[in-house]
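First subunit A sits with subunit B, and in the next complex the same chain sits with subunit C.
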Partner chain A sequence: MANKKIDKKNISKLLKKWSQEFSVFVPSLENNEAIMAEWDGKDISFLDWYRNTVKPPKANFLPLMEKLFSFKKRKGNYQIEVPPADKSKQLIFGIRPCDARALTILDMTFTDAYEDPYYLARRRNTVLVGMTCTDPYDSCFCTSLEGSPSDAANVDLMLTDIGDSFLMEAVTDKGKKLIASASELKDATSADESKATEVKDAAASKITRKIDARDIDKKLLASFDDKDYWEKVAAKCISCGICTFLCPTCYCFDINDEMVKNQGARFRNWDSCAFPVYTKMPMENPREEKWHRIRQKVCHKYEFYPMNFGVIACTGCGRCIRLCPVNWDITQALNSLPVKV
Partner chain B sequence: MTVTDISQRKRFLAEDNIYLPHIVVIEKIIDESPGVGTFHFNFKDEKLRKEFSFEAGQFAELSVFGVGEATFCITSSPTRSDHLECAVNRVGAVTNALHRLGVGAEMGFRGPFGNSFPLELMEGKNLVFVGGGIGLAPLRSLIWYAIDNRDKYKNIDIIYGARSPADLSFKYDLESWGKDKTVNMVTTVDKGDKSWKGREGFVPTVLEQAAPSAKDAVAIVCGPPVMIRFTFPVLEKLGFTPEQMITTLEKRMKCGVGKCGRCNIGNLYVCRDGPVFSYAQIKNFISSEY
Partner chain C sequence: MEQKLRDEAKALLEQGKVDYIIGFEPGSLKFTTTPLITSNPDDIDRLVINPFIVNNLSKFLIEIEGRVGIVAKGCDSRSIVSLIQDNKVNRDKVIILGVPCPGMISLNKVELLAGKSRDEIDDITRDGGKIVITVDGKKKDFPVTEVLYDNCLGCELPTPQEYDVLLGEDSALVTDRAASRKKIEELEAMSPEQRWNFWKEEFSRCIRCYACRNVCPACFCERCFVEEAEPRWISPVPQWQDNLLFQTVRNIHVAGRCTDCGGCERVCPANIPLRALTREMYDIVDDLFHYQAGTDKDASPLLTAYELVETEDTFR
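Moving on to the complex of A and B:
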């Protein structure tokens, strides 16, 4: 099937059509920060300002806080009630390739050995419409991690801005279905295609931050016990955890109960390896020191995840660099590893 | 041993949901030592009571509704399974709440999770159990399993210690293993009291003195991290290879099924790839992560 294109003026028509079947999420501003929020049915001004969201789209699958089940106590007996599976279909419009790739990485943990029913229900009911990142940040480094600003591998439908319109590439069957009956689309010409290639190449060339990811897992293993190095790397970290909360591949969570009188619920909430309490046991804590925790964060992404799943659990989205209050920089840490292999 | 594929293990998930607990009812609580109680419990659901099974070394998540969940090894033996037992040390919010429960009270139960002791590796071998304090709990499941299948194993040595005589757990078991002529039992305390007539000394030291042979042997170690760290070098000195040294580890856990992230030692998750490991599996990371 030849690629299609859509005039930017017609984007809202398309979103409206999709809204009949899906909850459509688009980039929106909340307290002046970009998030993915449910589309209000008219505003498409995000096309002018959108670069990437502050909160990654992982929140649409693994919410900051969610109820696992509720329970009631009656005469000493407990009754457990499971919330009905989330069947609502969602469409995320404008997801960046790095964040879409992050979902593929998260899938590995949430399907591994035991399936996570909450995450996977949402994942299976979601369509991803990606958008080539034409204006990446200087903190971005996806091209060092087998990604690119136009990588369509993890979305259903990919859009690339070619001026007055978007080129549309249907990647999956879900993506093909999305545009099958859309009268707003035109066939893309070869001029459109070459313009898109030009835009993609230009976007990739804007990414100048690099890491050397070759053998990074081996280098980290060899540097694991180098306390001096890790202390130096961790020196300015304030253990605030924002890099993990805003990381599209960080998934760690805590499980907690709340109960008032005879009713309660069990919740899960995002948690972070940056917090000392995360691993704290009554008698001791294996990651008491800040450098233990920074090492865990870096090694989990670049050493342990590759060992367990064969991929680096970082997509180079750069959020942990640009949103860190003390300018901690994972690329500096990785590029200054003391051991070369 | 290698990482076992836990997806092949028998499962008893409530409604096929990894986070949903079954309801269990407390049948008995035995005071073991200051702050430690062994909870005997059974499933409320009759069908599950009949069908449930587990293997020595596996663990469970017990919960007090409204307070939360915590991780406990199943200390009873699969060979004696008309009910389940977990030893609870009163140290945190959940364990304190568990200790406030009495016989007949309901708890949440998820499990069994994790791998188990490598029975195939141990068959036909001499077994050397090295335990410290409440760390006897996971070993106890396997010790009873080995005693109940006595012809499958050669010598059984048990070296067990605690800080003080009062801190010795499962005294009724220590007594019956001490009387069992097919078991060599050594009990020690770091510091005895007036009535203590047994041995004094730290577990690794006593192990070195007892000097069990490494030939055809497997050592199974569990205790506080500091004891585990000092026991491995002693076993190495006695000629045990890292493959012959088995341990079961405890870490802070939440999900129990490899999702929530916190219980790893290097790339291995205690809940998913353990809790039973050979020293060979973890020696790269144990020095600084445990």
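Moving on to the complex of A and C:
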């Protein structure tokens, strides 16, 4: 099927059409902070300012907190009520390739030993409309991690800004279905296609931050016990949760029961390996020191995840670098590992 | 000032007067700095002083063992004094390299004025009372008060009062107390119900990353109440009520210790105006107790001191 294109001025019409079937999420400003929020049916000004969100779209699948089930205590027994599976269909408009790739990476965890019904229901009911990242940040380094600002591999439909319109490439059947019934589209010309190629190449060339990801798992394994190195890189970390909470591939969560009198609910909420309390046990804490925790974070992404799933659990979105209160930079840590292989 | 800092810092390390120097070096992103914690004299030439040395480095004194030479702006030096008052820092083991602070530049404010993100801005320079922002080769200037952090605009002591070496003389800070308290005034004009709804909305966005607590030098508890399991004071589930309770109790704990360095608000990834709570508390502490945090290292910390004339029985 030939690619399509849509005039930017018709984006509203298209979103309106999609809104009939889906909850449409678009980049929005909340208190001057970019997030994915449900479209208000009007505003498409994000087309002018949107680069990427602060909170990654993983929050649409693994929310900051969610109720897993509620319970009631009756005569020593618990009555459990599981909420019906989330059937609402959502469409995320404008997701960046790094964040879409992150979802593919998260899928591996949530389908591994146990199929997580909460996460997977949302994944199945979601359509991802990606957008080529024409304006990457100086903290971005996706091109070092098999990604690119125009990587369409993990979305259903990919849009690329070619001036007054977007080129639309349907990647999956879901994506094809999205555009099959849309009347606002035109067929893309070969001039449009070459313009898109130009835009994509230009976007990729804007990414100057690099890491050498080859054999990074082996380098980390060999550097694992170098306490001096890890202590040095960890020194300025303040052990907050920003880098992990706002990471599109970090999925650690905590389970908590909230109970008042005889009833309550079980919640799942984000947790972070940066917190000392994360590994605190009655007698000891295996990651008491800051360097233990920094090492864990880096190795989980670049050594353990490749070991378990054959893929690095980092997409180079750069949030951890640009949102860190002390500018702790993972690319510097990775590029200065003491052991070269 | 920068050269003087490097000379002093290098001498301190080489003469063995300190084990570590804590200062700032250029960050990995434009217009950022990052803490430099080092015992290696060769690293010292990386030290910088510029309008982006935002972090309150005194936080690191709590965890670093040994003698330390530390770069401190006005508010940071007050935090050091406050830590000395709380016996968290030994004055004899710290050499304070004081920076008379001209105010720190808020990149958020610059971005709003320039209509561009940080990395799309070519240059930000300060020229006396003006700030010059260059975008796409075009220069535009603004009064410096439009880009300084709100807490800097309300700063009373930009030049460190407690120091071993003062790296310059005039702080050149231009303040604007009204602008610094703008958010507080807005909140005070609200009805209690409006105010409640305001904070409800703000704390609904909190992701409980604890960055506000972890950057704060006044938050030095080895075990924070939020992580206590028995009794459990607040839920680990980041519901807005618990988020609000966390911040409220934190604010009470830092009363008389908070020097309004603005760190909590600056690092908040949800842009919650936390200073509206902490600065209000700072002013209440001043009004009620005539107490300014971190201005007298021999004074008892506000929350641990009591006098026989206290009117509340609880404290007698």
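The working rule: the second predicted complex is superposed on the first by the 341 of 341 C-alpha atoms of A that agree within 3 Å, B and C clash if a C-alpha of one lies under 4 Å from a C-alpha of the other, contacts with A are read in each partner's own complex, and residues count from 1 in each chain.
By definition in this document, contacts are C-beta pairs under 8 Å (C-beta built on N, C-alpha and C of every residue); 3 or more make two chains touch, one makes a residue touch a chain.
Just so it is clear, the structure is predicted and the values come from calculations on it, not from any experiment.
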Partners on subunit A (subunit B, subunit C) - clash or fit: fit
Touching partner for A:E303 - first (subunit B), second (subunit C), both, neither: first
Subunit B versus subunit C as contact partner of A:L29, first or second or both or neither: neither
Dominant contact partner of subunit A by residue count, subunit C or subunit B: B
First, second, both or neither for A:N256, with subunit B first and subunit C second: both
Which of subunit B and subunit C A:V171 touches, first, second, both or neither: neither
Three-chain overlay, vertex subunit A: subunit B-subunit C angle, C-alpha, nearest 10 degrees: 90
Partner chain(s) touched by A:A222 [first = subunit B, second = subunit C, both, neither]: neither
Lowest inter-chain C-alpha distance for subunit C and subunit B in the superposed arrangement, angstrom: 6
Footprint overlap on subunit A, comparing subunit B with subunit C: 254, 256, 258
Partner subunit B, residues of subunit A touching it in the complex: 68-69, 71, 73, 76-78, 80, 82, 109-110, 112-118, 221, 224-225, 227, 251-259, 264, 266, 268, 271, 273, 278-284, 286-287, 292, 296, 299-300, 303-304, 307-308
Subunit A to subunit C touching residues, read off their complex: 30-33, 51, 54-55, 64-65, 137-139, 235-236, 238-242, 245-246, 254, 256, 258, 267, 269-270, 272, 275, 277, 290, 321-323, 325-329, 331-332
Touching residues (chain side subunit B, partner subunit A) in the complex: 5-7, 14-21, 23, 63, 65-69, 89, 91-92, 95, 104-106, 108, 224-225, 250-252, 254-255, 257-264, 266-267, 272, 284-285, 287-290
Interfacial residue positions of subunit C with respect to subunit A in the complex: 27-30, 32-37, 55, 59-60, 63, 108, 112, 117, 119, 202, 205, 207-211, 213-215, 227, 235-239, 263, 266-267, 269-271
